[in-house]
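Before we start, here is the structure in question, set down as structure tokens.
The first chain written gets the first letter, and so on, giving A, B, C and D; residue counts start at 1 in each chain.
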Amino acid sequence: MTEPVDLLRQMLRVRRLEETCVELYSAAKIRGFLHVYIGEEAVATGVSSALAADDAVVATYREHGHALLRGVSAEAILAEMYGKQEGCCRGRGGSMHLFDAATRFYGGNAIVAGGLPLAVGLALADKMQGRDRVTVCFFGEGAVAEGEFHESLNLAALWRLPVLFCCENNLYAMGTALRLVESETDIALKASAYEIPAWPVDGMDVLAVAETARRAVDAVRGGGGPHFLELRTYRFRAHSMFDPERYREKAEVARWVERDPIETLRASLALPEQEWTEMQRDVDAELQAAVAFAEAGTDEPVEELTRFVHSDRPAR
Amino acid sequence: MKTSYREAMREAIRDAMRRDDRVFLMGEDVGHYGGCYAVSLGLLEEFGPDRIRDTPLSESGFVGAGIGAALGGMRPIVEIMTVNFSLLALDQIVNNAASLLHMSGGQFNVPLVIRMTTGAGRQLAAQHSHSLEGWYAHIPGLRIVAPATLADARGMLWTALEDPDPVLIFEHGTLYNAQGELDDDAGPVDLDTAAGRRPGGDVSLITYGGTLPTVLEAAERLAADGIDAEVLDLRTLRPLDDDAITATVAKTHRAVVVDEGWRSGSLSAEISARITERLFYDLDAPVGRVCSAEVPIPYARHMELAALPSVDRIVAAAREAVHAGG
Amino acid sequence: MTEPVDLLRQMLRVRRLEETCVELYSAAKIRGFLHVYIGEEAVATGVSSALAADDAVVATYREHGHALLRGVSAEAILAEMYGKQEGCCRGRGGSMHLFDAATRFYGGNAIVAGGLPLAVGLALADKMQGRDRVTVCFFGEGAVAEGEFHESLNLAALWRLPVLFCCENNLYAMGTALRLVESETDIALKASAYEIPAWPVDGMDVLAVAETARRAVDAVRGGGGPHFLELRTYRFRAHSMFDPERYREKAEVARWVERDPIETLRASLALPEQEWTEMQRDVDAELQAAVAFAEAGTDEPVEELTRFVHSDRPAR
Amino acid sequence: MKTSYREAMREAIRDAMRRDDRVFLMGEDVGHYGGCYAVSLGLLEEFGPDRIRDTPLSESGFVGAGIGAALGGMRPIVEIMTVNFSLLALDQIVNNAASLLHMSGGQFNVPLVIRMTTGAGRQLAAQHSHSLEGWYAHIPGLRIVAPATLADARGMLWTALEDPDPVLIFEHGTLYNAQGELDDDAGPVDLDTAAGRRPGGDVSLITYGGTLPTVLEAAERLAADGIDAEVLDLRTLRPLDDDAITATVAKTHRAVVVDEGWRSGSLSAEISARITERLFYDLDAPVGRVCSAEVPIPYARHMELAALPSVDRIVAAAREAVHAGG
């Protein structure tokens, strides 16, 4: 199992990456929609710590951290958001569409709930080919209202596929509170209605997330069929860079910020100040290098615009 | 009055809600968030959560519910955040909204208005940048409109709500911030006719929605070169205003259609085909088309721009038409 | 409450209507797809008996009986299937698309689960306009797998709308058995996951259906929000006229036929033979008249083909 | 060998399943029922329920799962019973299958085949009779094919499965019962080129899929009148075989496109526009179009027939082209 101090480091990497993105957005280096994960780091960090190298991850448009934790470099991520061809998708995807074949990171999906059927299919391929890989699918609690959520859970359960569904319940979908859009707000219960073992987890406690995820991944890999985690968390920042946050009270945000997953773990580990300083320095250095890399990035030639609409095929 | 496209649209909604109790707005984040593109900002406070109704992320469900509510006597305005997400509701739109009246032998009309944001230009990449309004214009039973000006943003909604049948309003994302003057008594706008936006005699530039500003700019550039372009804003994409199209091309004998949709199977193809059908012997050049490159729209700014109709490409196509053949 | 003998008569009307349809199909008077309701009559009969005149009904492509019970005449129904302009939809809809504004019969929906959102919307209109009408929505158990089912139940429950969902669980969707397509086959339980009160009902027992439906309709009308009935039934005939029925055993069908809802009720009522004969004679007469009406039907002029793509509007 | 379109398609599936372990068929009622149109009859017994996989009624879910399985190394054939139901899966098809490769910068191709029944003619009314293949042909990233002959039914599937990218196969419902001779060694068919089905010099009739038999009949009628029509079967609707279209029209100088889609925004519009763009100065008449009436297809036989392209209408359009202008 990953050491707690490593989990701390990973969360810090995600936090700094996101902070860097926000700065770069303000500096107009990054454009389009930008959704950051600040406050929710324990979720992706804990879950990712439970995965093997050839497992697959499907995520949403709030996926910078997931990509980083999966092993995509901060360089490739930032260059992507700069729209440079050194980015993980040649600059075509941007913030919402990070993909990486090498680490089996399947996006970067910006249609809410659109990634769930993909995860089901990836798991189906593994099961049909007798491989013991696991596919992890992240999505927000807003996705739970979509028909594709329901169809996907049923398919996964019916066919006992190796998927771990991870619902990042941060209580809001853009500006709409969960209680305004779900007749039943207990999300783990919904999964149970498909006969999928499901647990709510404190998503601000990375150790709890890591431990639960490890057990769930083991169960899935062992042939136990799909499992479901509801990770209770909170986004500290606005939904995107355009969100004036009219829909929630500052006090509510403040209460959650008190449970900052990074601060909480650091306190509980009683990490010596010097180690913390070093860790920060390392992470900052990583990100500075990444920014420099992105800054040095080059534009994909416009002649390539129509390339990859279809695969490059050998001429017949 | 100085205003913006966004505010004009908001005023249109507010006005309709005040005029008719049966009107309500429903969609994702129209209420507490204030509207994804802030169109409905402040309306929740004025009309309350029943009539400014936040929905779950259930496009098929709430569009279908809009159809049912229309059947039940309401006049729903359903907002879909972005045209791409409307694909999730397409079954309801095509198989129900567009078909019910005909297949029930005239019994059940569906007085529903669906509004959605369309188009590229804001670096939102492949899943938020489609221009599918021309594609929707293929479906019998739907009326498709694309307000490109403040007056149309202000005036089309009420007419759409008075229509006994479904109307889809496509609002180009780059237009919301457009500023301009609007008459204080700006009134309803019909959903049948195209509008001339610039008179000219040398070539007809036919367009709609988000590309109208680009086309007008191209027309100015052409004017500087001594080419006098007439600009026609289609406004309603289904049914097309054939008379207006025919009139301008009969005058200029040359046409270029500018359409942000992908070229193959685009609305511009239909317009080109119709012009040829009606005016074959009057044409001095084949109808030109300036469309988007046939690619999922990329994020990087230079690539996105390369994919979209540009002033340069429009000018080039117009020149080609003018200098063609005879 | 409707008298049991009237329920018997209504079931018999549906049965004879369907038998007539099958004959007419074999005689090539009816074309396209034809789905009959033989064996399931107790469901629509019992539920319909609980409705008021201005309630609304949304049904599927297996809806001849529902239309008849709602008050659409057998004449108009058969003429429709003949493709005649005297039909309830001028011959444009056919078997799968019966509609009738006068009785608030909203189809005749041939997209599985496509009617559920419509029912939600109809109920929303009633609720917003302060009317105490109920909308009943019938659908097969196959519809439960569709995303629209899930989205609709959530919306109805969230907004506490006056809808009664009636799932006609006849165990098969075309040739696919429920257990092959649902990880959890307890359908009433699924509705509960949306906080909707739900009961399974013996769909072969019209008295049980009528009584449960009456209570459910009362609850809905009284402002209790949506309710859900799972009506356990069986289709005695093939899915459609093209179905070779490879997917089930004759013996299984035979077991269910023993529970024929008409025979069961007739036996329990100990209806005197003469009354039964009279009832049959009446119903046969109704259907003979209906067939004659349909036979005498006329074709809609082809010039009307494009009429009603849009509403006839006063010229501007 | 005497066979039918249905059997040819079944043989194609069987053959693919035998050749490649990664191939499997998934969809509603493909297994225990024997296939809605009996295409997959008997395959469950041969290949078992894993590879002939019955799905729940979850079009979006299982199409999306097909995309995921393709990403995971399988070669899924996903069957959607009828084109109308594919609207429920359109988000997955457009936003994922068609877009993933481009937006991932070339990393994730989707080797998926989707088959579906399309078209009218069987009195199935408005929700089971659409012809949307031309509409799908608007979407970049998809390859769209429409086998109209036994050889194409037999030969296109394997080529589609070898394609690294998504291919949609549209099978017209009226063709399944078509009988004919098929070579015992009928092999793969390319998905790039159109096929001439009848040589002629007076007018080009361009069509595909379910209307090919109607067009061939019309050509015979025209021949009796002394008009020698060339018939081109497009076979692949995206990308279009421009060379073949250009070649036939360059020869005949007159073209009529016959397309069961609704006229406005149909594939025929695109073809008309392209012909005019390429051959404006060679055309002796405007390109004609024979399409379906723009209505939800009605049930009544006479009304359905009135809505669809007919031999009479094709003959009339061809005559008009031949007698036009010069």
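Note that contacts are C-beta pairs under 8 Å (C-beta built on N, C-alpha and C of every residue); 3 or more make two chains touch, one makes a residue touch a chain.
The UniProt protein names, listed by chain, are A, C = Pyruvate dehydrogenase E1 component subunit alpha; B, D = Pyruvate dehydrogenase complex E1 component subunit beta.
What you see is a predicted model; the values in this text were computed from it and never measured.
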Would you kindly count the fewest steps from chain A to chain C, each step being a jump to a chain that touches the current one?
-> 1
Chain separated most widely from chain B, comparing mean CA positions = C
For chain B paired with chain D, centre-to-centre distance based on mean C-alpha positions, whole Å = 30
In whole angstrom, what separates the CA-based centres of chain A and chain D?
-> 40
From the C-alpha centre of chain C to that of chain D, how far is it in Å?
-> 35
Contacts with two or more other chains, residues of chain D listed in rising order | 55-56, 58, 60-61, 84-85, 88, 91, 95, 102-103, 125-127, 140-141, 294-296, 298
Would you pick out the residues of chain A that each touch at least 2 other chains?
-> 91-93, 97, 109, 111, 114, 145-148, 151, 154, 158, 181-182, 309
Does the chain-touch network form a line, ring, star, complete graph or other?
-> complete
In the complex formed with chain B, which residues of chain D make contact?
-> 60, 84-85, 87-88, 90-91, 94-95, 98-99, 102-103, 125-127, 130, 134-135, 137-141, 238-240, 261-262, 264-270, 272-273, 276-277, 280-281, 283, 285-289, 294-296, 298, 325
Where on chain C is chain D touching in the complex?
-> 31-33, 83-84, 91-97, 109-114, 142-143, 145-147, 173-177, 180-182, 243-244, 246-247, 299-300, 302, 305-306, 309
Where on chain D is chain A touching in the complex?
-> 22, 24, 50, 55-56, 58, 60-74, 76, 91-92, 95-96, 100-109, 140-141, 143, 164-165, 190, 192
Residue set of chain B touching chain A in the complex reads 28-29, 31-34, 36, 54-61, 84-85, 88, 122-128, 293-296, 298-303, 306-307
Can you name the residues of chain A that touch chain C in the complex?
-> 145-151, 153-154, 157-158, 181-184, 189-190, 192-196
